[in-house]
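Look for chain A in each of the two complexes below; its partner is chain B in the first and chain C in the second.
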Partner chain A sequence: MVTKTEESQLKNLEIQVDNGGGGAWEYLSLIRKLKVRRSDKVLKHGLSILNDSKLRSNLGPEEWTLYEQVAVAAMDCQSLDVAQDCTKALRKRFPESKRVGRLEAMLLEAKGSWDMAEKAYTSLLEDNPLDQIIHKRRVAMAKAQGNISGAIEWLNKYLEIFMADHDAWRELAEIYLSLQMYKQAAFCYEEVILAQPTVPLYHLAYADVLYTLGGLENVQTAKKYYASTIDLTGGKNTRALFGICLCTSAIAQLTKGKNKEDKEGSQLQSLAAKALEKEYKQRAPDKLPQLTTALKSLTLSS
Partner chain B sequence: MALAIIVGVLGSLILFHAAYSTIQYKSLLKITEEEFSSPPFNVVIELFVGLLLCFWAALTAPGKFLSIHPQSEENRIVSLPANLDFMIFNHRRKVFPLETDLKLKH
Partner chain C sequence: MAEDLVLDTAIRDWVLIPLSVVMVLIGVLRHIVSKLMRSSQTPDAKIVREGQVMLRARNLRTAANFIPSKAFRARKLYYCNEENGLLFVPKGQATNPQAQMFSDPNMAMDMMKKNLSMIIPQTLTFAFVNFFFSGFVAAKIPFPLTQRFRSMLQNGIDLSTVDVSYVSSRSWYFLNLFGLRGLFSLILGEENAVDDTQRMMQMGGGFGFDPSKGLSVEKDNLDITQHDWALPNFEHHAEDVLKKVVS
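Then we have the complex of A and B:
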């Protein structure tokens, strides 16, 4: 997870490295640690380290990690020559390695030779049928070919074996979302929240899905999850604040005439609206009128 | 930092002095053949002062405390990691290749 501190650290390092202030290796390590996708930067700065024999030998055994990182980044940037050279260097150093085999298969994937990549993955899986990353690569490959239903099928098969893999659940949720299959996506997000209950962004995504599904019960649950997002972020998540306002007005519309627990709802909404106004005043004062009209229309419609 | 270390040293010196006074008091009691019930009042005070100073030094010297709340400004999660295991290469970079002459040379 990328926290606020880590984000600002990464930003500072990025500026420093881009302006030639050194610290490229620290930057690349941080990218690996936070698992962010900055392929063009990794390619540029990683290669500048790899091409400098002195810097390279300073890294010691970490040199090979860098080769792998740069190879993947190069595939992502379609600089296939660089990717090939890096993979070759790794193959020379580790002739028997499965990990390099995986990298070679990924290179085939990047080239677009799907059949050969599929064959390579199959043979790698024969040696080690429980290699999670290779299973995931097959899912990604199906997705890259546009075969979304195939990807879902593979992913479901994978999740039957590795149920605790929350990243895979998240991926499945996102695929379902892209197909507008909200019920299934909601189920996946439930699994993700169970696995990592302290990550507010999962609560937020789940609430979004429930709100999109609609219906009184779903919207009420969505409101609760928006509230838990606010709790976990200390009220700094604007989307969750908006979510509370929207949910409250939706609930008011759905229960028109019945008027149960209306008081609590409107109190929560006014609190959220106040927090929103305060944040807009601080960070985007010129957008404040738009916000107030939007909030007004929400309360009027209820 | 330096202040905390000085205070810590002072605190432990006071503690040692309290121990020394207690031992001395006990040997004095042996001479007068009285029962030992508790150390004298001023030694107890000294003990507490030493303890407090040591506490303060131990809490200050190692550094600042970090927040453990998930909602605190430092720990607040702002973005999720890119799901790199499912990364696909069949995207728009294919149409707009990176126009550089980056090469691995050696």
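Then we have the complex of A and C:
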């Protein structure tokens, strides 16, 4: 995840470069370091550097890294001729390189020739069975072709080896969610929370999945995770506030017959309702009446 | 005994500075040569997997309090199960990393190369210093020393009445050897091949990364870990946070 300082730094550089100031190279290097996806900007500014031969020679050996970055950005923006030119230049310079081979396979993938790309990736993997990027590209290809079960299979194989890659777990969770396999998605989100326990996004997603699964225990756990999201975001996350209200009313419905302690629950719910109203007053005052009716219906049914 | 010897400034110009310059140049040369000679290590799939398993187990241990206890227990079982748990390594198979180091030809070659690249320049420079710069007083150390250091620091000077603070150029060589490390990390970046002292410290300790021992250590640690679910506390925290927001 990108930190706040890095994000502001990136934004400043972006504004500076967009308005014609210098610093395109620093901007591109920062994007490369943070692994952010700004392909259109990278393409525009990268091409402006590459087409100017004086600036290009100023870069020295970094020029080839720039070629690679621009090639990938071009593929993302579907400007395949630009990508092809960059890849050709790289291939001329590094004829035996596996990295260039990877780029060429990605170009095939971008063009849509799935079988040729698949063949290229398999042969690259034979030489280098531990290349993480190629594994991930294979998963992405399966997903793009609509072959979700194939994507799941590849991703599981990848995770058997590289099981500490929390981005991969997150991707797997999202795929499971799209297939409504909530239990498996919950497992993946647990892995992600284990890897990065202080990121509120994952708590929120996990809470959503638990609430969707339903059942008293799950909803109670979901409520706790909504609470932790609120704690981690300082109360600003609207979805978590709604989550608390929904969970409390769902718990109350499920425990109608039994006598459980609902003292602490109601306090949290009323607090969450008040915070929601305050936020709606600030940001969307015309939707406030809808909110109040919705909240009333929740508390009435509980 | 405390007369001040006046040292010729020519000594400074022709001994101290050239010696430092030569050492810096030799260091840079070694760094470049080591970069050229470095053979690429293809990581073994099994070792990578074990490394990742350890990472995942360690994550489980540190963040165990953030997931529900059922999930934690399921994972603990998955890792520590006697027969097919991830972290369980049967006694016979535990690969001894030391033996592996010596039997694997690539690694042995690498180690030899590293050792050689450290020893040879040092020996050569030392001989160079002895040949060219011996037999005279090179510098005066600003703090007083005991007589024990005389043999080490004053090897070329055969006068026993000279104060031990006046040293020969051999000691200047040693001083440079340890002192230029900082300069090299500035010039050559953090990871440079000239960091002998660091490597000397490493040689005493373990060799890099021993997977099998790591796994059983992780397993023991995980067995010990208790689950103390932190989430209920979060509910209380959330209430406080919301109280502040609402007020």
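Here is the rule we use: the second predicted complex is superposed on the first by the 256 of 302 C-alpha atoms of A that agree within 3 Å, B and C clash if a C-alpha of one lies under 4 Å from a C-alpha of the other, contacts with A are read in each partner's own complex, and residues count from 1 in each chain.
By our rule, a contact is a pair of C-beta atoms (placed from the backbone, for glycine too) under 8 Å apart; a residue touches a chain by one contact, two chains touch by 3 or more.
What you are looking at is a predicted structure, and each value in this text was computed from that prediction instead of being measured.
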Following the overlay on chain A, give me a clash-or-fit verdict for chain B and chain C. fit
Contact-wise, after the overlay, does A:59 reach chain B, chain C, both or neither (first, second, both, neither)? neither
So, A:228: does it touch chain B (first), chain C (second), both, or neither? second
Residues of chain A touched: more by chain B or chain C? B
May I ask you to decide whether A:291 touches chain B, chain C, both, or neither, giving the answer as first, second, both or neither? neither
Between chain B (first) and chain C (second), which, if any, makes contact with A:116: first, second, both or neither? neither
Touch check for A:30: first (chain B), second (chain C), both, or neither? neither
Between chain B (first) and chain C (second), which does A:130 come into contact with in this model arrangement: first, second, both, or neither? second
Which of the two partners, first being chain B and second being chain C, lies in contact with A:167: first, second, both, or neither? first
Minimum distance between Cα atoms of chain B and chain C in the superposition (Å): 11
So which bits of chain A does chain B touch that chain C touches too? 231, 234-235
Could you pull out which chain A residues touch chain B in their complex? 1-5, 7, 34-37, 40, 43-44, 47, 50-51, 53, 70, 72, 75-79, 81-82, 85-86, 89, 106, 109-110, 112, 132-133, 136-137, 139-141, 143-145, 167-168, 170-171, 174, 198-201, 231-236
In the complex, go through chain C and note every residue touching chain A. 43, 45, 48-49, 52-53, 55-56, 59-60, 63-64, 66-68, 71, 231-232, 234-235, 237-239, 241-246
List the residues on chain B that touch chain A in their complex, please. 69-90, 93-94, 97-98, 100, 102-106
Footprint of chain C on chain A - complex, ascending: 129-130, 160-165, 187, 190-191, 193-195, 197, 221, 223-228, 230-231, 234-235, 244, 264, 267-268, 271-272, 274-275, 278
